[in-house]
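Chain IDs A, B, C, D and E follow the sequence of writing; residue 1 opens each chain.
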Amino acid sequence: MPKKRVYRSKKKLGQIPGSVVYTGERSKEKLHLEAFDYTKENCTELDLKSVTESFDFKHTNSTTWINVNGLNYVDEIEQLGNHYELHPLVLEDIVNIAQRPKIDEYDNYLFVVLKMLYYDKNQNIVSEQVSFILGKNYVLSFQEAEGDVFDAVRDRIRQAKGRVRHMQADYLLYTLIDAIVDHYFSVIEILGDKIEDFETAIFSGEVDDDISQKIQNLKREILRVRRAIFPLREVINRIEKNESPLIQKKTITYYRDIYDHLIQVSENIDIYREMIWSLMDMYMTTISNKMNEVMKVLTIMASIFIPLTFIAGIYGMNFEYIPELQYKYSYFILWGAMIVMFLGMLYYFRKKKWL
Amino acid sequence: MPKKRVYRSKKKLGQIPGSVVYTGERSKEKLHLEAFDYTKENCTELDLKSVTESFDFKHTNSTTWINVNGLNYVDEIEQLGNHYELHPLVLEDIVNIAQRPKIDEYDNYLFVVLKMLYYDKNQNIVSEQVSFILGKNYVLSFQEAEGDVFDAVRDRIRQAKGRVRHMQADYLLYTLIDAIVDHYFSVIEILGDKIEDFETAIFSGEVDDDISQKIQNLKREILRVRRAIFPLREVINRIEKNESPLIQKKTITYYRDIYDHLIQVSENIDIYREMIWSLMDMYMTTISNKMNEVMKVLTIMASIFIPLTFIAGIYGMNFEYIPELQYKYSYFILWGAMIVMFLGMLYYFRKKKWL
Amino acid sequence: MPKKRVYRSKKKLGQIPGSVVYTGERSKEKLHLEAFDYTKENCTELDLKSVTESFDFKHTNSTTWINVNGLNYVDEIEQLGNHYELHPLVLEDIVNIAQRPKIDEYDNYLFVVLKMLYYDKNQNIVSEQVSFILGKNYVLSFQEAEGDVFDAVRDRIRQAKGRVRHMQADYLLYTLIDAIVDHYFSVIEILGDKIEDFETAIFSGEVDDDISQKIQNLKREILRVRRAIFPLREVINRIEKNESPLIQKKTITYYRDIYDHLIQVSENIDIYREMIWSLMDMYMTTISNKMNEVMKVLTIMASIFIPLTFIAGIYGMNFEYIPELQYKYSYFILWGAMIVMFLGMLYYFRKKKWL
Amino acid sequence: MPKKRVYRSKKKLGQIPGSVVYTGERSKEKLHLEAFDYTKENCTELDLKSVTESFDFKHTNSTTWINVNGLNYVDEIEQLGNHYELHPLVLEDIVNIAQRPKIDEYDNYLFVVLKMLYYDKNQNIVSEQVSFILGKNYVLSFQEAEGDVFDAVRDRIRQAKGRVRHMQADYLLYTLIDAIVDHYFSVIEILGDKIEDFETAIFSGEVDDDISQKIQNLKREILRVRRAIFPLREVINRIEKNESPLIQKKTITYYRDIYDHLIQVSENIDIYREMIWSLMDMYMTTISNKMNEVMKVLTIMASIFIPLTFIAGIYGMNFEYIPELQYKYSYFILWGAMIVMFLGMLYYFRKKKWL
Amino acid sequence: MPKKRVYRSKKKLGQIPGSVVYTGERSKEKLHLEAFDYTKENCTELDLKSVTESFDFKHTNSTTWINVNGLNYVDEIEQLGNHYELHPLVLEDIVNIAQRPKIDEYDNYLFVVLKMLYYDKNQNIVSEQVSFILGKNYVLSFQEAEGDVFDAVRDRIRQAKGRVRHMQADYLLYTLIDAIVDHYFSVIEILGDKIEDFETAIFSGEVDDDISQKIQNLKREILRVRRAIFPLREVINRIEKNESPLIQKKTITYYRDIYDHLIQVSENIDIYREMIWSLMDMYMTTISNKMNEVMKVLTIMASIFIPLTFIAGIYGMNFEYIPELQYKYSYFILWGAMIVMFLGMLYYFRKKKWL
């Protein structure tokens, strides 16, 4: 998730509305098309060479999942979109990766956009846009690049595990979204760990100098995750409430289940958000406590030795007539007095609990 | 309530939707099944050896409460669930202890999940998930482990105290939920006590070094209790508003009563939440006040003795011609002058109210 | 308003729902029953010896107000309740003083609970629960103890002042609630005065050491008053909007008037709440300003005398060859130099506006 | 706007509902009644001697505006009210100046209360309550005292400028409210200027000691203006949405226009509110920055001269055998060393950017 | 965007409602009228000399866009407005540049006001009001001055790029609004950059003295941008939801697209708002950290040298009998002791991590 960029939503300034332009940065990826075509009994898995190979699946009776990796191949995507009769604005949204999670209903299909979140090797959150088209008997999915969270789903289709092979395309879409939402849990788990690491660091006093910068960055990260996840609740809610003929009644229960998960994730995010705001407060009290300690050391040292130095100064004066100077035991008496003062001071500071 | 864990709601990453997998940590508990079967006149209490023994109660005319302790016995729970015709997603939710309080309505039963809260011996909040199935003439309840807040309910059933033996299963469910909600009051009472202990500690200045950590933990605790309790309001509200045939009209008044209690608890929680946020502010002013006091001591000591030391330094100089040095009473006059300065300083600081 | 107590709403843990148990602390009050029975022409005022004496009023044509003081007399209240056919849950709520202001509608009567607020002699807010039953031609009221805000209402009934004798029971209920709401204004007036006293104290710098504790207590007080008053708005709103046959159309205008008053009170409370939150901020800046002043004194004293002391120290050295020491006017020249430095420092600090 | 007063909304404690009692403080004003009676062609302007003179206007066909100054003349107002058949509660509200802006609809008239805001000569906000009665062909207006914002309206009526003489009473009411709302803009403009003056003062560091008190007062002022203006939005919205026969369709557009203005004012107020909250934060950082500067001066002075003084002290010791003392150039070497240390220190502090 | 001004919404105090008065500051601009008249096949572009030249376009079948630059030419605008039968209030709103974004529906046209935002050369946000009239086959647009964000639209019309020449006036309006909304993205991108620059500056410690002033200004800027953009969401939503015959069904999809963009912009603004609020907190901790460092230097210097100076002072006393003075190696022993103390201190401070 590059920090600086506010993706302009759809086009360069002055660009014609309706242009299909990829706005992301992964323009060197290869195009990769895969297709799963299955019924209760059979399952075919294909690596497609070109988009045209996918055209036949539109009217089969079997359920088909066509997964497109590589949003920079706008021509192929337009070709595919035209075959499946997608609206030009849908095509634009697919390749413009600054979409907010949303659902748009068209006559023959549903268009769902959401964000796939995961941590990369450097512990940075990656937010990849995934778009789905749910047709009568097919699901099209579009991703920026290869590598996703759907491997378990692929396995289940291949090996006919679970219900997926017994259900239609609407259940397939559920399975895919569910896989994405499941990953949200691991993302926020890591966020939670980070917050607790900060807490521990602050409480133990072992903070780096850039702790407040790190906290600010974490705050930003949480705000971004929030933005990726929160609108999805509304999307799923609309699927659940809506009476699209593309979603069967018996599948709705499953979408309700995703909705429950999203509420759980959202609540966790909001708790984290509240926790992180109080981190700064805590850091502030830590700093103040430290300063307090510094001041105490200074005050104790100064309060003890400044008066003693004054007394020594008195008897360093060169007046001709200072009676004490002649007296033989003066020096020792003075030492005694000084030690008494010293101990008195110590006692005073101890009573004040500064020592 | 383990701190680190964000329970993934339903399955391991990639797990098939519909798998019944226990997600908690109490996997060493024994399975314990108990049943109460009663009418106005009679009451039978049974310790069941196996789930099959509970099957007959489904079609009796008497009211039955079957309580299952031990969510790790997923096979038995599935067996029971299948007999009582529960939806697979319900079974999953029962054994996945990361549920949010919720109610799901199915054709023949209501499914209610909520959190039982209590403090354990170490004054840590324990949050245990309890699920209820309300059927036409039975209530099934599922708990993670033995030990609950239902003993008083059991007594009332045995001894026919109160209305419970005169009413049906919907009232039994009310009684059980009511017992749980009653415990919320004792939980928040302890929370309130903790806040006041912190206040007292901060005001008296007798704070441990980790006070802000403790406050942060308490904040977290309140947020978690909040999360366990707040969604329950919506659940009870839906029972009250809904016209499920499983809840009789005359019982609704009782559910409204629970709703009132939940609002009371919620309001208290929100007040505590506001109080705890201002605790940090207060702690901050306390620290600043202390620093102020430290600085005053330093300033008073330094302001009094530094000028005096300077004067003593003057007459410690070795110039050959310093007229005062020869004068016989110089030393005593100087002492007099110094004492006057000293008293002047004291007066000045007293006037400034620093002393 | 005892601070520590979170009243458990209805019963001891494990208590049977439906038990009529007084949860307050004033268990030594005497039972006091008074009755007003009036028509446009006549008015009878009675001190009842026992609840049975009140039974006849149920079916008279005149309007009756029966006021019960002493919620610890649960038996008498149950007896009365049974005669007037009150639901068991209503009886429980009457004697359980932890109710939130609410209205419950039953077939033959309305049940209204609210909080009477006033300051006692020690300037502590007292919150006493008052319950009303509005029947066709009677109002029952229940208070914890004698002493209330209804004396003016009693006078008006006795002396036929205002409209009360010309109207029915619904107007009587309005009059009683109005008397309570009127007292809210004096309560928040005192709250407002307290806030301004704090402000004045903080600005004048004459703060006690426990000022932040007092602010915290005031915050708590406001939150509690808020909790007592805010739900009442909803109660009155429901009376106004509802079409209960017990409230006549022409009386509704008067309830709307109460509603307006409650909105006014609520707005004041919210303003006070906002003001009190900024009190802590202000206190903080006051502390910091003071510390600043302390530091300035220290810095001025130290900056002036430390360099001078250093110079005096120089000429206190015992080197055999220090040319200046022999020169006759050295001492006076040095004094001159020191005074110049001193004045220079003063000028510098004055320019910095520290003096 | 006196600060201390929370106006009790309608009556002294225990006062009979329905009493017409003036609650303001301007009881020495003279009663002043003026009337405008106009049609498209003619316009009569009258200074009425007594309220009875206004009675004839009730049934004329021309449009009449009767303006009453002096709310302390409750008898005259009651007389007028009775003639125009106003509800007793309306009369109470007119003379009770603690009303919240509101609209009440009665059978034959609309009752609108709002606040006229302006700054007096001492730059204090004055909030004067103005009540309007809109009847079929007349508008009654009630103000506390003479002096208002309606002069331009009077001119327009007299000179038949604009549409006012061509329209009916509903447009007249619009014109009057519009004049009041227009003044809100000048009020918030002054508020905005005040905030910017504070900002400038804080940033330039030229703050008075009571700046935080002034900020607190401004905060309070904004909260009060907010309270006077915000409810009016709802009032106008109800006029716009409602289908009162007293407001003609073609006039509604004009009320919508007022509504737009109120939204603009409200948004400005909320922005100011947010700005003022951050003023305290800014002030706090300013204080801290100053303290930082003070500390730096102290630290620099002390760090430079304390070590030097120590060295001078060393050679002021009276040991019999200190080899350096005898050496002829010791003194000058020492001076050299001290100057080197001094410059080193300067260099160090400059590197730290403290100088 | 001049800072000081709260534009009074419509008229000078006392001005007649309905007056067309320009409230902006650009009164020296020249009037510039341009017109595009196009069908699918042809396109005419005209520079109009006077408003009368635009009158014929009202009833043509082709689509016409008339763009008026120069709101100070109120006479010409009134003339134009009268020809196109605009309501007087609409004309007022067009030339009063303090409008909030809004949509008003009239019988034959829609009136839309919004704000065009861009940064000028000095990196100040400029907010220019643009009004649109959408009629059956024409769009009128009104701007304060020449120079806008529509050049790309002009090109597309001229060169028949995109859909614009194939669609009607409702699509033209969409295109124009879309161009404005697209510019919002670049504005908030710059805002985001500014926030990050502040963060970097604060973290690196290289802050100017007026950083908090700059932050405050940025806060204000964000609040203003927010105010310009947020109401527009409601405007577009109403276009989308409404069933105005002026907006064709197929165009609605495009407006929904704008709506999505506005939500994206709004979310970014709210994130920036949250980020900027925490900037002050961060700055505060930075200041405190610096003060801490200053204090440490002072404390270390004072704690090391004050005790040493005291010891030197002791042996500078002039008592006749101080045994150590006579001893030959005293001086060297003392030096040794002092160095040990010095090192001990260093060790102590290092252990405390102050060094």
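The rule is short, and it goes like this: contacts are C-beta pairs under 8 Å (C-beta built on N, C-alpha and C of every residue); 3 or more make two chains touch, one makes a residue touch a chain.
If you want to know which protein each chain is, UniProt gives these names: A, B, C, D, E = Magnesium transport protein CorA.
Bear in mind that the values here come from a model prediction, so they are computed numbers and not experimental data.
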Q: For the copies subunit A and subunit B, give the interface type as same if over half of its residue numbers appear on both sides, and as different if under half do.
A: different
Q: Nearest 5 degrees is plenty: how much rotation brings the CA atoms of subunit B onto those of subunit C?
A: 70
Q: Determine the centre-to-centre distance between subunit B and subunit E, using the mean Cα coordinates as centres, and give it in whole Å.
A: 43
**Q.** Interchain centroid distance [CA atoms averaged], subunit C/subunit D, Å
**A.** 26
Q.
Quick check: what residues of subunit E touch more than one other chain, meaning two or more?
A. 284, 288, 291, 295, 298, 302, 306, 309, 313, 316-318, 322
Q) In which sequence are the chains arranged about the ring, given a start at subunit C and a first step to subunit D? A) C, D, E, A, B
(Q) Can you tell me which positions in subunit B touch subunit C when the two form their complex? (A) 149, 151-153, 155-156, 161-163, 174-175, 178-179, 182-183, 185-186, 188-189, 192-193, 196, 199, 203, 253-254, 256-257, 260-261, 263-264, 267-268, 271, 274-275, 278, 281-282, 284-286, 288-289, 291-292, 295-296, 298-299, 302-303, 306-307, 309-310, 313-314, 316-323, 354
Q: Enumerate the contact residues on subunit B facing subunit A in the complex.
A: 3-11, 13-19, 87, 89, 98-100, 102, 104, 209-210, 212-213, 216, 219-220, 223-224, 227, 277, 280, 283-284, 287-288, 290-291, 294-295, 297-298, 301-302, 305-306, 308-309, 312-313, 315-318, 322, 324-326, 328-331, 334
